[in-house]
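What follows is a group of structures, each given as structure tokens.
Note that chain A is present in both complexes that follow, paired respectively with chain B and with chain C.
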Partner chain A sequence: MWGIIFAASLIILSFVYPSEFLINLFTQILIMGLFATSLNLLVGYTGMVSFGHAGFFGVGAYTAAVILQKYSTSVGFAFGTTIVFSAIAALIIGSFCIRLGSIYFAMLTLAFNQIIYIIVIRWTDMTGGDQGLIGGIPLPGFLSTQRAYFIFTVIVVAASLVICKLVVDSPFGAILKVIRENADRAYSLGIRVKSYQLIVFVMAGIFGGISGALMSLSISGAYPDFCYWAKSAEPIFMVVVGGMNSFLGPLLGAAIFKILIAYSTMYTNLWGLIIGGVLVLIILLVRKGLADYVMEFVAARSVDGPKNLLSPKKTG
Partner chain B sequence: MDLSSLIECFGDPGCLINQTTSALIFAMLLFLIASGLSLIFGVLGVMNFAHGSLYMLGAYLTYTLYVGTSSFSLAIILGCLGMGVFGVFFERVFFKPIYTMHILYQLLLTYAFILILDDVAKLIWGYEFITMGAPDAFQRPPLELAGSFIPTYYIFVIAVGIMVAVLLWMFLRKTKYGKLIRATAHSSEMVMALGKNTSVVYAGVFGLGAMLAGLGGALAAPIRSIFPGMGSDVVIDCFIVVVVGGMGSIPGAFLAAILIGFMRAFGIIGFPMVEEALIFILMAVVLIVRPQGFFGRAET
Partner chain C sequence: MKILEVQHLNKSFGGLQAINDLSLGFEEGEMSSIIGPNGAGKTTFFNLLTGYLRLDSGKILFKNQDISKLPNYKIGRMGINRSFQISHVCPSLTVFENLRASILSKRKKTFKFFTNVGGMKDIEDEVMSSLDDINLKDLAGTPATQLPHGALKSLDIGMALAMDPQIALLDEPTAGMPSGDRMRIMDLIQRLWKQKGLTIVFVEHDMDVVFAFSQKIRVLNYGSLIADGTPEEVSQNPVVIEAYLGDED
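So, the complex of A and B:
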């Protein structure tokens, strides 16, 4: 409900205050927000730290871009194929990765991420190789303006987030949290831990792919950078800075990340110093995401607030 | 796929020697950096994404010292020591607080330092690619072997790599400090209970790791171009070495580095399109079949 109001107000705002810069910025934020939220299904809800999520972003971005550019089909068909392809990729990669725990899981997702990157770089005929897929992506008339594409993004992202929210609030989502807290106990309770992990891995892959497709259409091209390993760190930034224990935390993190970059690149080339510095400060001083921080603050103030539900999980 | 030229290369001593030399050069540099990474992971339990940036800083530092003192040996020694000191400082200030944190925070903090150190390098040394060239001491005719030429500097790098591998292995196996490090890797609580100061071990291991990365950078400076961001490709190769060789294992890192060096050097002739993918596939296969790597201990 709140989501619909928020989405509608964003769309209205784009008419009231039509600044190209802001519309573009918000498009990017929403896309990256969906990307980060999809990763958070793994990281925050199931406790699987993937360092290869950019692989799915790349698969989605290239699938949609290639389909639209080379076969000029409809946008709906392009997104349908994106979903299928990212799901297949996630199913294959996930079925290997879920066998491993913690750091090994992260390393294996990183390896698959790089394999996807190399495929993109080398398969020049299809992907354009190093150069990226240039030459523009034809979009139908109803998406041709920046504002129209923004509205399209708002709708797709909002719909995806609603689906994610429904999933994490469902009994299925509750089981994911049990797995996060104690996978062994979940297993001994008769929960098929690996199946749940695989399903959520595929889900995360699909929404990662959708966000990649949204990105390639929004900038009318797809580039190998999309699936370079360092790109996988971006949604992790958003999840950590925004807060992994709040559903909208990653979206907040995406907004912080994009706004920091947009404004710091206006003044300096050294945006890495700023982003890196913010990260170090947050990790060492705040030690939790901003949304989590606010939520815990609110929970601590209200007498009968569900304090225990919101406290971050023990680490160590 | 171009298997015929690979077979051709195996039949031609010149090509064989050329590729072997470049494989060994690549392997030695990789080993120096990855052994530090492996040691840090083995003892501190943190996968340090910023390790490639330490290699980059080592290369820049050596370059500056070489220009300043015009003595390459002095530049290497001071460069390594400088990186060692930096490592100890870095561990005490930024690494110490994250040992007890979620793995996500650990990965992200070290990633943040890639961004920060790259930009620091840009601030100090600028954006341009720097080529240092072979130091004066190595400006002599290359060694001729079966019709192909090996620059003397290459031989120096390979010799240093092997020497460091042996010294490091002996240090960890035979000396008191080496045993302390291995004991800390095994169980830091036990070592602490026995009255040893593990904080010093942590700082020392990180310093040693940074020194090894710095040495890698110092040796790479004359033969690779130096630029901000040169660390981020290297660090991924190092991850592969550490994973394949076994986390925390020095002999494992050495053999894995050589294996990857040869896969690169000959893969580029035999499978020019997929040679890079091959080593990631190797990494994935090792992780799936034997997650602890060739020489690693199984997780307890």
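So, the complex of A and C:
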């Protein structure tokens, strides 16, 4: 419900205050917000820290871009294919990665991320190699203006977030948290941990892919650095700064990240320093994501008796 | 009828023979204990029974079916559920959420992706009644990390018992507790055992607890069974006295 209101107000705002700069900025924020939220299904909800999430962003970006540019099909078909390809990639990569725990899982996701990057660089005929897929991506008339594409992004991102939210609030989502907290115990309760990990990995891959597709269509091209391993650090920053224990934390993190970059690059080319500085400050001073901090502050102040017992605040 | 039985079980870690040609069985409906000095192989035995460790040789029969090659989650689903020596709960989840994991799994509701788990009234009722069983209803909303030690142990045991196990294996249910609390938690386990007609096996160091709450006692030493009988029989067994009880008192 709040999602629809938020989405509608964003759309209305784009008419009331039609700034190209802001519309573009918010499009980027929403796309990266979905990307970070999809990663947080793994990091925050299941406790699987993936360093290779940009791989799926790249798979999605190139799939949609290639399909639209070379085969000029409909946008719907391009997104459908993106979902299928991201899911297949995640299924293959996931079934290897989930065999390993913690740091080895992280390293393996990183390795697969690099494999995807190499494929993109080498498969020049299809991807344009290290130059990127240039020459523009044809979009149908109804998406040709920046505002139209913004509205499209709002709808796709909102729908994706609603699906993610439903899943994390479902019994499946409840079990994911149990796995995050104590996978060893989960087994003794008859829970086949690996199945849950694989399913959520594929889900994260699909939504990572969708965000990649939104990005390549928004800037009318796909580039290898979409799936360079360093790109995987961006959603991790967003998740950490925004808050991994709040559903909208990663979206907030994406907003902070993109706004910081947008404004700091106006004054300096040392924006990396600013991003790094913010990360250090938040980790040292707040010690949790900003959204988590706010949620806990509010929860600590609300006293509505036993009802609170069943919808408890999360800690740490 | 023996609900769970092991035959010629062996397990070694490197050169250490942790379980050595062990054969024994548990009667359905019995509340029994396993005792033995540190390193006797008690926890290893539980880990073998629940699929957390693979045996080297031998057989584990659950209702006459060999389960020795099954993965731990399948054994958990069959109704062999355990609690852990060092409490094994989900620390930052609440007491309610911890116990809900057992109920969701038992009711096979875990692969529902789009139902709001907070709205599942039947699950909530069952969680609350299980929490009532272990006297934790008032702490339902407390994160497990904030629980006092005794309540944490109760939760760990409660998560196993909420699965409605065919046989519950409780690894040191009273570890680290002052003696008053020990009796209280054992009373609780005994009450649930009677009430639900469970089969319970527990590992314990406190001899007062062992003799007060066991119908049968099995004594392990160096991974072998050195005595098996009622509390009276075991307390008078010269081998046991020499290996174990003698040092204690």
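Operating definition for what follows: the second predicted complex is superposed on the first by the 303 of 316 C-alpha atoms of A that agree within 3 Å, B and C clash if a C-alpha of one lies under 4 Å from a C-alpha of the other, contacts with A are read in each partner's own complex, and residues count from 1 in each chain.
FYI, a contact is a pair of C-beta atoms (placed from the backbone, for glycine too) under 8 Å apart; a residue touches a chain by one contact, two chains touch by 3 or more.
Predicted model, so just to flag it, every value in this text is computed and none were measured.
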{"item": "Chain B versus chain C as contact partner of A:Ala106, first or second or both or neither", "value": "first"}
{"item": "First, second, both or neither for A:Ala174, with chain B first and chain C second", "value": "second"}
{"item": "Touching partner for A:Ile191 - first (chain B), second (chain C), both, neither", "value": "second"}
{"item": "Which of chain B and chain C A:Glu20 touches, first, second, both or neither", "value": "neither"}
{"item": "Which partner reaches more residues of chain A (counting touched residues only), chain B or chain C", "value": "B"}
{"item": "Touched partner set for A:Asn182, first chain B, second chain C, both or neither", "value": "second"}
{"item": "Common interface residues of chain A - those touching chain B in one complex and chain C in the other", "value": "315-316"}
{"item": "For the chain A and chain B complex, residues of the former touching the latter", "value": "43, 49, 51, 96, 99-104, 106-108, 110-112, 114-115, 118-119, 122, 229-230, 233, 236-237, 239-240, 244, 269-270, 272-273, 275-277, 279-280, 283-284, 287, 315-316"}
{"item": "Of chain A, residues touching chain C in the complex", "value": "166-167, 169-175, 177-178, 180-182, 184-193, 196, 306, 308-312, 314-316"}
{"item": "Parts of chain C lying in touch with chain A, wherever the complex brings them together", "value": "50-52, 71-74, 76-77, 81-82, 84, 88-94, 96-98, 100-102, 104-106, 109-118, 120, 123-124, 140-143, 145, 159-160, 163"}
{"item": "Chain A partner contacts - residues on chain B that touch it in the complex", "value": "47, 94, 97-98, 100-105, 107-109, 111-116, 118-120, 122-123, 232, 236, 239-240, 243, 273-274, 276-277, 280-281, 283-284, 287-288, 291, 299"}
